[in-house]
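Letters A, B, C and D name the chains as they come in the text, with residue numbers starting at 1 for each one.
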């Protein structure tokens, strides 16, 4: 099973209840589930019966931040994740009678929502805490921007030491070297959501802002691609031992 | 004179040269110029011969952050300003042959630019440093989002102590109580760029994210309104002793 | 009363029932109502107790076509009206749970609706029949295009004789010479919806396509402006004998 | 050769010169070229050395109109073709410094261009004339609407006799029965550009407007798909005797 819901994404039933406001219906099942980010858990996914496909925001944030924290270049305290999502990020809600997703309301508009309390925060913190081997708290703000597909993540990570953009990028290239769907941009290039629309690609960049001692970690993905259904297909392929790219080789649609 | 260029926004010729890459042509003139944010410098504007209309990003960031820092609730270190702008923010560039602002490139797309080196950073830091009476460094990232008008600012400010959203909002209400063009939203409401398009209004909100010890300070304005020409008219009105709202009373165009 | 509904727009209760599918509730009242297009009925509106504000599509079509037909340059048979409307044209429906007006459905999409049976057809035919003193049938197709405001009308009118664009334009300039809210474009210019957004203006152009013997009559208006509420205010001003422009002098918001 | 330019689309060098304003550089070559609409010229394309890929507007107009005219249900006189195109229809111009295609100008805007003189008119007339065995003149108006991809064609064709929508649709189903990339919609359904974006599909519908004696023929395609490069690939496949769908089987990207 590749579960697209949020039911098995968090390892702790208590954490689930804290963020979702209801008791978890299958606390024992949590131990069995694998969090479906292939770049983090490929081996575990390969043997899993139950994969919890990640939320779109965590998918984007983890792609952008994990390599830096894992390499010890990013400090796990004081991380800010600012995300900008097209309307498909809302999933089924986009077809519900929610005024926020009516055309005349969403068009020519930017708005934040769920400030300080969006449920995807828990996923981001869980995974970064495991990577950092420390309790990580993340200030996360999602925004709705006027486009259908695309999720842009801008993460600000305090740097553990004064390193260059090139040194940071080397870490990312190393981390994603063999990943078929993650592209690390060259220094001087910045991601744009258009580059991945209709595909399972995620593009990643990092800029060392030495003036402020912060790394700006950026990623883009399609919320219905690497942030949703396509990621689920990649997980399915891995679970079955198929070529990971099966069904996912159509290039992005640009523009 | 209300100067819409960046020539007289920075008080220091050295700082100007550092960010703009050219020597300042009139360093003596800098002392005379007043930075044109009425909410900060109304009295000085009233007597000024030369007002430097602020950049759109600083206009949005200062509206969102200044009250919190001035009240001592926000710490001046570790501030992150993440901004999302419509294409009119680029001013005359929107009519230049810059591929970034071609329709098919900008539409259905989000992109960051100038990460770690956008010139408006200097304005934001200058004014926050004066407010905090300390040297403030700000991690600032501008993004281009697919809409004509509107600038959304999401600022993350470390909190000096553990206060509630209500306490923060009280500070903002106090700060903007008599301001004709700044509207502080009620707790639970978040700004949306649509609410101010075509007007000189700026809407402001703040959320105390006590989990992470950060205040999320949000503002919206029209980059051609409070972030541009309309702000200039407000400055002009103040300089002449006219009713500050003259020529600025048309309501926003919604939707 | 300025009635924004469709109840009093058609003079014939039978015609109303044919297009709206219900019996008219006040057939006697129809004789009293004046059709609220100031450019056609200014005098009658001035003395009216009940003005039926026109539909947005008829408002656009009549501005574009009436002068040509009235002058005898346009033949009343075989007229085609092809209209492209932003989502606000749907009025209250834009806030109803209609999937057609959800953001992800309407964005990056063009669609026709009500082909051959849109109710506004009856208004257009009624008024053109009166102008032509003949029974006029119009092939009318409305389209939803991805923008908030704006209605573009492209009407194709068989020409009664072979005249130039300049001769056609002279007729329009004459017809709208004293109209405060109708602007006839110069030869070689074509209307764009952006030019009238947020205002009560309607822009009109005509091109004599002598190859095909058809005049292409084009108009733009804001469906919430000259195609809606602002038109209602103009009617109100006329009914009261006030300056017709009262409350309507804010310029369009561009871009 | 599959030629994406307009050089070999018109059979007559005189007609080319009349519309393009320059003498044709290879008048002898015109006889050899095949007009690249597979639904019309599949056999000729199969044996061709030079295929002239059609313009996007003719591609859409011919899909919508040809079956009706060929069946004798549509009269070849008095045809109106009203087209609405996304910005990619402009091809390389979308990257040129043309203000019309700047984001702030094209966004939230509809405009007509080339009224009565767009060069694609000649292609439409040439092919309809061949189908009707008569000299056909078409009133054609292209419009730019705010989206990247997608071309919506609304054609108004005088009906030769009073037939129902169902009878018209039967003709279209027959015409496109074996076409892999043309989908005839069911009665009551209308095309939407979103349904074909990123693909080589063209969707077609027809409504018999018996009140006015006109058939409204509607089609949608992606101007970079069936209206451009993908059509070219289909032609290439046919020229080589390959499966016509090779490289064209990725489904549309929706939404």
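In this text, a contact is a pair of C-beta atoms (placed from the backbone, for glycine too) under 8 Å apart; a residue touches a chain by one contact, two chains touch by 3 or more.
Nothing here was measured: the structure is a model prediction, and the numbers come from that model.
In terms of the stated touch criterion, the partners common to subunit C and subunit D are A, B, listed by label.
For the self-contact between subunit B and subunit C, the two sides draw on mostly identical residue numbers; the shared fraction is above half. The pair with more inter-chain C-beta contacts, choosing from A-D and A-B, is A-B.
Of all chains, the one whose Cα centroid sits at the greatest distance from that of subunit B is D.
For this pair, subunit B with subunit D, the centres built from the Cα atoms lie 49 Å apart. Each chain gets a centre from the mean of its Cα atoms; for subunit A and subunit D, those two points are 41 Å apart. Each chain gets one centre point, the mean of its Cα atoms, and the points for subunit A and subunit B are 30 Å apart.
Residue positions of subunit B touching 2 or more other chains: 88, 104-105, 107-108, 146-149, 197, 255. Taken as a graph of touching chains, this assembly is complete, with every chain in contact with every other. Residues of subunit D touching subunit A in their complex: 88, 108, 148-149, 197-198, 250, 253, 255. Listed in rising order, the residues of subunit D touching subunit C in the complex are 78, 80, 82, 84, 86, 104-105, 107-113, 115-116, 137-139, 141, 143, 145-150, 152, 154, 156, 158, 190-194, 197, 207-209, 211-212, 214, 216, 218, 220, 255.
Of all the residues in subunit C, the ones that touch subunit A in their complex are 87-88, 94-97, 99, 101-108, 146-148.
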